[in-house]
Amino acid sequence: MELIVENLSCARGGVIVLEGVSFRLAAGRALVLRGPNGAGKTTLLRTIAGLQPAEGGAISLPPDSIAYAAHADGLKPTLTARENLTFWADIYGRGIGDTLDRMNLAGLADRPAMNLSAGQKRRLGLARLLVAGRPVWLLDEPTVSLDAEAVALFAGVVQGHLAAGGMALVATHINLGLEADVLDLSAFRARPRIAGGFDEAFA
Amino acid sequence: MIALLLRDLRLAIRAGGGFGLGLAFFLLVAVLVPLGVGPEPALLARIAPGILWVGALLACLLSLDRIFALDREDGSLDLLATSPIPMEGVVAVKALAHWLVTGLPLALAAPGLAVMLQLPGGHGWLAISLALGTPALSMIGTFGAALTVGLKRGGLLLSLLVLPLYVPTLIFGAEVARRGVTGMELGTPLALLAAITGGAVALLPFAAALAVRINLR
Amino acid sequence: MSIWEYANPKKFMQTSGRLLPWATGLAAAALLVGLIWGFFLTPDDYRQGSTVKIIFLHVPAALMAINAWLMMLVCSLIWLIRRHHVSALAAKAAAPIGLTMTVIALVTGAIWGQPMWGTWWAWDPRLTSFLILFLFYLGYIALWSAIEDPDTAADLTSVLCMVGSVFALLSRYAVNFWNQGLHQGASLSMDRKENVSDVFWLPLLVCIAGFVLLFVALVLLRTRTEIRARRLAALLARERMA
Amino acid sequence: MIALLLRDLRLAIRAGGGFGLGLAFFLLVAVLVPLGVGPEPALLARIAPGILWVGALLACLLSLDRIFALDREDGSLDLLATSPIPMEGVVAVKALAHWLVTGLPLALAAPGLAVMLQLPGGHGWLAISLALGTPALSMIGTFGAALTVGLKRGGLLLSLLVLPLYVPTLIFGAEVARRGVTGMELGTPLALLAAITGGAVALLPFAAALAVRINLR
Amino acid sequence: MELIVENLSCARGGVIVLEGVSFRLAAGRALVLRGPNGAGKTTLLRTIAGLQPAEGGAISLPPDSIAYAAHADGLKPTLTARENLTFWADIYGRGIGDTLDRMNLAGLADRPAMNLSAGQKRRLGLARLLVAGRPVWLLDEPTVSLDAEAVALFAGVVQGHLAAGGMALVATHINLGLEADVLDLSAFRARPRIAGGFDEAFA
């Protein structure tokens, strides 16, 4: 099982942001995406997740293998922590097991998500990855708002996922202390040009 | 998909929205129209089936922007799009949830409101026409909501897009109700209403799913 | 040579540039001839007096209002299937023209209705279905203008156009059905076979031809404008990026 | 405060919402009611003033949840609350912007729609009654929006809270319009309508500002 | 000019979260609020900003002195960066001057906020502080999503504000490299009890 990205170009808002991105990610490995704000980390992750079409190049990954954690958590404020998590577990056809415990949320299980602090919400959002049971984790700045302890906790969770044969692609400005390759997206910044054949042929 | 349906219903109830409010709106229309138009019973009885249908349509319309907007804003829609459920299923479930929360209660409550609007009889047909027609309203509305999900709160744009699409349903639905009330033969409009609902439910999920996918990228 | 070559914007600009003066000239000529003939060289109708001459604006506008939507439908399908940008832009360009034609038909109809039926507006099925068509145009244009990314807008408006066409047809039928039981009789649908004799028929044909040509010219012109606007946006974006 | 007004108007226009859409909705009501009720001119003329008033009310209602919800969600409302502008000013400006975008165009468009609904005359009074009454609708609606701003998309709850508050405005407004159409004396309802608007605009900003402040904490 | 907080208790969602918080902040000084997720940093800042009433204790600060930067930025997606900033400047009755430049946003001035990346949005949100012209800055995790360079840039901005006689109260998990006192909120965690005199007297 391997995630292969070859010569990928991605666009955002009609502008090509990245081009020529190539890498391979084997089972059990993590890849950290680096790059300053606006480098295109989110764009790349969304493209790999299949949320937007690639402008060029190829992505090959096993079918149904992606679990994506975006900037936004997808939590419903009126549902409790447990209900939120159970919903996603059902979507993926699985149970929640001891996930809340593992994310250190056991004491907050019955509190509506709107009454969680920023960091608690984030932990709950990340718990979704554990119930998805998918091998490829796409993580977009997962540790935003987390305190040091929670960062370490989450790093442990990722490590466990890798040890079980998963893969992780992590965009982050914070050092998670993962043993991982690093891909600096600055190297793939596209020369400024417009996406889509039409405008480009024309302008 | 059942999980999604249950979640949506639960959210509708928790949001303080849910079953009660669609109904309440319907009730208010039934109250406001006599206030605006004047209280003569004969006049009210004549316009009652039409007004109740227009009211049901507006009650549906008012709640359409909830269908996708919240899920879009908090990121769930992106996450659902990467989940094992096909987008067609998501869309169909959303329409079903909307109907359960809005259309079904309206159909059940209609006979009571008809009494308020001085309608002498035919309440059963009114309820049947609503029960048969509102699924189409929910499905068409979901399609409209899918078209506008990317736009920042296109509430009124949504209304503008959806209302012309509602016209055939409204005409046949109100016709069934009116004929039911006056005791006329109503086989043709009834069949047409059923056909519209069937067609909408069978085909629109695909168009709506396409629109959502386009809007997400 | 395949017809799809014209989907290339450069090729389209060339060809349309050459066609445009001809289309404009012919449209102007046909309209001039048709309208002068119709307005001044036909006798007054024995029942309607000179108001009958509104027909020379009303009927062509009504026909073009419908045909513009058909054209948008075809263009939308081409865009969705073959993804030719010119096609999408042509659909976008046609919409305001179709809207204008609809408004002309509605307004001339209203002006005509005042002496004929003693009212500006009646819920006649034909009028009603036109009003609904007007709403479809409005929604379509509003959707185009509400979406920023041009390709996304093209995709979504095309989907709307397809679904909308089905429902527009349905409404047309529904409206006929709706007003059947309560029909007002002959005063609403003027008996054309009797009234429109050859004297009116020939100039009317010329007027219709004129409106068709006018529509072609306007669509070409507006499509060219849309293409240029997109090019401008692209150049501006490029400049901003540089 | 002018900055806030300008920003709100600009946002309304950019959102693809703006002036056109409130109008479009009003138009749609004028189209739907004959479709539902049937096409007889005499019947339509009788219910026209009332229906147009109900339509105006619903057009206002549909756009109420925009007033604060977006500002609340993206945090601007918190930031405005800590800014030098008093909350009363914020609320009043929001109501004014809502009226400019919704109420005013409706009043201007009403005579045209009255023609469509076969109203023979008195179009001027219809427009005047709307011009005089819609500020109250916007202000009351803003108050309702302020009450529900904390709640997750209380769209229908908002309608439910606001509609009863709209009743006096609707009654007097429709009465002015109806009397204007039939040429009856209309001094009393006109004075009452003006009084309601004046009172609402003078007092409700304070109540609404209080409600917003409570909801923020 | 001084910000004085004395024996403050704050509640969130009907539960008292902090009690006995006391500190003083003099002109030209910064105070960093520390504490794990859920310690009550956001709650404290909102109370000081006057967005929620204190449960007990006193806050004294000069009138009209607060500029608050919350978790959410208050940006309008359809307005450009410049329009967003100009709006806030107008609200505070000031001009925007070279603020965009100072926040390294000059090249993005005419782009609608929805087309900015997470970090670019954040910088724009923080630019509001500069146009507010208020002496007391309340910053709730201001550097979330920012890359290292932008964090340094922002730290410089805060430093400049302090040098000009301002004050800053910063809740953060990330080290900004500010020379500042640190207040650990864990020390003020309240024993769990319900807020509001009535319920308390009752339960």
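For clarity, chains are labelled A, B, C, D and E in written order, and residue numbers in each chain start from 1.
Simple rule for what comes next: contacts are C-beta pairs under 8 Å (C-beta built on N, C-alpha and C of every residue); 3 or more make two chains touch, one makes a residue touch a chain.
Just so we're clear, the structure is a prediction, and the values are computed from it rather than from any experiment.
Asker: Any chains in contact with both subunit A and subunit D?
Answerer: Intersection of subunit A and subunit D contact lists gives B, C, E.
Asker: Which one of the chains is farthest from subunit D, going by Cα centres?
Answerer: If we average the C-alpha coordinates per chain, A ends up farthest from subunit D.
Asker: Please identify the chain with the largest separation between its CA centroid and the CA centroid of subunit B.
Answerer: So the farthest one, by centre of C-alpha atoms, is E.
Asker: What whole-number Å value describes the gap between the mean CA coordinates of subunit B and subunit C?
Answerer: Computed value for the inter-centroid distance: 32 Å.
Asker: Roughly how many whole angstrom separate the Cα centroids of subunit C and subunit E?
Answerer: Centre-to-centre distance between subunit C and subunit E: 57 Å.
Asker: Nearest whole angstrom, what separates the Cα centre of subunit A from the Cα centre of subunit E?
Answerer: 28
Asker: Quick check: how many Å separate the C-alpha centres of subunit B and subunit E?
Answerer: 44
Asker: If a residue has to touch 2 or more other chains to count, which residues of subunit C qualify?
Answerer: Touching at least two other chains: 132, 135, 138, 142, 146, 175, 178.
Asker: For subunit E, jot down the residues that touch at least 2 other chains.
Answerer: Those would be 71, 78.
Asker: What positions in subunit B touch 2 or more of the other chains?
Answerer: 15, 70, 73, 151-152, 154, 157, 160, 163-164, 167, 171, 217
Asker: Flag every residue of subunit A that touches subunit E in the complex, lowest number first.
Answerer: Listed in rising order, the residues are 12-13, 35-38, 42, 71, 115-120, 122-123, 141, 144-150, 173-174.
Asker: Residues of subunit D touching subunit B in their complex?
Answerer: Per the stated touch rule, the residues are 15-17, 21-22, 24-25, 28-29, 31-33, 35-38, 43, 46-47, 49-51, 53-54, 57-58, 61-63, 65-66, 69-70, 73, 151-157, 159-160, 163-164, 166-167, 170-171, 174, 178.
Asker: In their shared complex, at which residues does subunit B touch subunit A?
Answerer: 2-4, 7, 10-11, 14-15, 70-71, 73-76, 78-85, 216-217
Asker: Which of the residues in subunit D end up touching subunit C in this complex?
Answerer: Contacts found on subunit D: 15-16, 20-21, 24, 27-28, 31, 34-35, 38-41, 44, 115-116, 118.
Asker: For a test of understanding, state which residues of subunit B touch subunit C in their complex under the given definition.
Answerer: Residues in contact with subunit C: 140, 143, 147-148, 150-151, 154, 157, 160-161, 163-165, 167-168, 171-172, 175, 188-189, 192, 196, 204, 207, 210-211, 214-215, 217.
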